[in-house]
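Going in written order, the chains are labelled A, B and C, and every chain counts its residues from 1.
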Amino acid sequence: MKSTKLKSGNYLEDFLIGQVIHHPTPRTITAGERALYTSLYPSRHALYSSDEFARNCGLKESPIQDLIVFHVIFGKTVPEISLNAVANLGYAQGRFYQPVYCGDTINAISEVIGLKENSNRKTGIVWVKTSGYNQNGKLILEYIRWVMVRKKHPDSLISENLIPKITPSVDPKSLHLAGDWNFSNYDFDQAGEPYRLHDYKPGEIIDHIDGITIEETEHILATRLWQNTARVHFDNTVRGDSKRLIYGGHLISMAKALSFNGLANAQSIVGINNGSHTNPCFAGDTIRAWSEVEYIYDFQKNGIGAIKLRTFITKGEIEKAFDDNQKYDRNLLLDFSYWALIPT
Amino acid sequence: MKSTKLKSGNYLEDFLIGQVIHHPTPRTITAGERALYTSLYPSRHALYSSDEFARNCGLKESPIQDLIVFHVIFGKTVPEISLNAVANLGYAQGRFYQPVYCGDTINAISEVIGLKENSNRKTGIVWVKTSGYNQNGKLILEYIRWVMVRKKHPDSLISENLIPKITPSVDPKSLHLAGDWNFSNYDFDQAGEPYRLHDYKPGEIIDHIDGITIEETEHILATRLWQNTARVHFDNTVRGDSKRLIYGGHLISMAKALSFNGLANAQSIVGINNGSHTNPCFAGDTIRAWSEVEYIYDFQKNGIGAIKLRTFITKGEIEKAFDDNQKYDRNLLLDFSYWALIPT
Amino acid sequence: MKSTKLKSGNYLEDFLIGQVIHHPTPRTITAGERALYTSLYPSRHALYSSDEFARNCGLKESPIQDLIVFHVIFGKTVPEISLNAVANLGYAQGRFYQPVYCGDTINAISEVIGLKENSNRKTGIVWVKTSGYNQNGKLILEYIRWVMVRKKHPDSLISENLIPKITPSVDPKSLHLAGDWNFSNYDFDQAGEPYRLHDYKPGEIIDHIDGITIEETEHILATRLWQNTARVHFDNTVRGDSKRLIYGGHLISMAKALSFNGLANAQSIVGINNGSHTNPCFAGDTIRAWSEVEYIYDFQKNGIGAIKLRTFITKGEIEKAFDDNQKYDRNLLLDFSYWALIPT
């Protein structure tokens, strides 16, 4: 007797503008996830390594790495949003609202804010605004992403076509600075580099030097840790080439960790402007990262600034983002723009 | 000067009916083991993911995953019971007595309850009842397992032949329900599925859909985490085919985690009826799982029921447990029957 | 616009006798690192497995594994000391001063105590004394190591040539015994073996039996966990043979964990006499370990003794450290001498 209980994920027809989805499986984050993160990524930013350093920056202890918060919330959305995705098209308007600490429990909610059927009538695009909350119901992260998903039937009609207005970049004035951050007594020796906000200039390009050869087990352990269930990461029979696609967020974490070399004081991600996974990444690839400074902003408060960075990962030539036709180079894997807090 | 201190494990002749073995290496379980478990298995049952969800079910916080408790206790028994095992033949009569929490310390004791020499006089079977205790001496898990072990010498006599009476299935009335469990306010939205005890019917078959390609490092990290020292899992020179056998318990954890899809509310394992590792599993295998509902039982208390499930793992065709001769299919890796708590 | 912020590590010319280097990135150690350690190494020493056992030995709880402390402090020194190293030549005069517990934060400082240019003028040797401190400024570990590093230019002069006097072995009278250690009520059953200090004789050789086939991902996860950034461990394009060199400390941890079999009561490393990584180790190698008892010492206090052990790891023939020319056998990977606490 075959069960009828299985969920096979949502198709384009299943989404409605304004629909609110409460994602299951709340998650309590602990010291275990923190340590695993350090084991998975070459993470050396002092704020996420030392309770003492974090206290000296006004926090109660070293917070959960901001990208753990992102990955866990993103992972929660996969079963309802992107299980039938053809491609993860982009992120935008990401803002972190407050630090998450060991013992906090994360929930995620998504609202459908855009829908568009593609002209082939077989697929379409869904835009969602996803919000993460802690156990006290406080907002901790909000971002928009859009994915191309399959339709169940080419002939079916979708409820409404609406392309939402996406801001290409987060206005630094809108970045949320929880009241307790304070870089007045920031210890540059412990952090590892002497550079402050105003030591960086827009247009400056920083090669993060180190290369990392990615192994199969690493990205599987990581992706599973975030309870991300997309089959293409775990089952090598899905794609047809016996390869498991590496979760794009794995590369974002690699990029942020590698950026220590040159950006040791760009501690916390507070905004996500946009991000593209420009080519697929597989085990065996040796990746390198570089960043371009896009903007600097001084909050004029507690010695805190924000630096806007565009970080790239390549498995080919460093600092080559585009080919001769000004398209993404075929070896480029990530183009990610974010805001990070940095002492002034 | 060669040391004489080494232990080479027990042989059939070393066991005596009624013998009690106190296994060494007590183990304190922490948030680290919890997080690693989530990294190793696609675990999404809310009770083991969120402190808040667990509190809403009457517990003080999210307990240690029940299969961590099983694996740690099982691992402790390996050096004394199964270091010279030829095969791990079965489990039965498993009962979990109470939740284990972060900071609890686990000890294990085994009693020899059966012995039988095989007709070839080179091997025999030993049955043990293993009990796990916490730091307060409270029983947390009890189960029977039997293994085929080598004899030291074909000519030696064993003390006694006794085949114990094994109950094929745990009576649900004998399942232990610690006083604090309460599913009256169970949050089905957070758990991920709306199905209650009575929504399941004996004979119902649930395909858990997702496939997982197993990597070498994953099962090694897991098996080591449980301090299981059986050489065949770690040393690829043992078998002669350069392969490392995957610890059977690794597949039980995979099965339970995969069962989220269709059995999201079958939270805690409270009884183990029987289990067979029907064929060996190796790195590179892509596994899938399905479950058959065997029985449902209502405790008539605090909204708690128990569901008896028979879960299979195959590296071949889903839902094919047996071949044309009614023997286990050569691709079937696990046949495991257990009781889980589920809201009524 | 190319950034000039990158650090490319120190060369021989950059070191000065007496120079004190404060290494960045303080690190708070938690239950997460403890659990990962158990997952990475077949660790079964009871003192590091059970809070209850540790309390029974006079400690407040089970301390952080002593080799985690070593690896984290060692890892901190890599960017300033050995990023341009040709070879890690040796350790000596290591002393652990007190246990580290979950929540403690580790800092590291190195003092340059020796310099010598090699006759080829392309490389030289730098000796450093590295000290690790906890968040209260208390010394937790001190050791000397020396590495061969590159010069920037063959023609440049170095400040001073000074070869420091290195004691070949730590005097047991100088070993630091934190006041709270007490083995008077030591539980030998829980520890797993009955042997006390005086059961061991200098010259006794203990084969630890178990073999371990090392996987790529394991050593990468470990080395990253210690925030060790040496490229040769992570980037398979560095060496020219597509191999990643396994961090030598990974083998020290393997050796200590394997030594459980025969040395279950040699719990804590309190001194490091010397250590050589005699040949490189790569993924795929199956390693085995043995130890030779070098000396025993009775503190005449709280039932505590110290055992001096020389532990070897080979990927070839067990107990074969030297070849016919009395040089290290080509399969020998580690020759490591240390002091461990053991009940009398």
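List of remarks:
The working rule: a residue touches a chain if its C-beta (ideal position, glycine included) is under 8 Å from a C-beta of that chain, and two chains touch if they have at least 3 such contacts.
All figures in this text were calculated on a predicted structure; none of them were measured in a lab.
Of all residue numbers seen at the subunit B-subunit C contact, under half occur in both copies; the interface is built from largely non-matching residues.
The copies subunit A and subunit B differ by a rotation of 120 degrees on their C-alpha atoms, rounded to the nearest 5. With centres set at the average Cα position, the gap from subunit B to subunit C is 36 Å. Within subunit C, residues 30-33, 35-36, 215-217 each touch two or more of the remaining chains.
Across the complex, subunit C is touched by residues 30-36, 38-44, 46, 49-53, 62, 189-193, 195, 199, 201, 203-207, 209-213, 215-218, 261-262, 264, 286 of subunit A.
Interface residues of subunit A, counted against subunit B in their complex, comprise 1-3, 5-8, 22, 24-28, 30-33, 35-36, 79, 102-103, 105, 107, 135, 215-217, 220-222, 224-225, 227, 229, 231, 234-238, 244.
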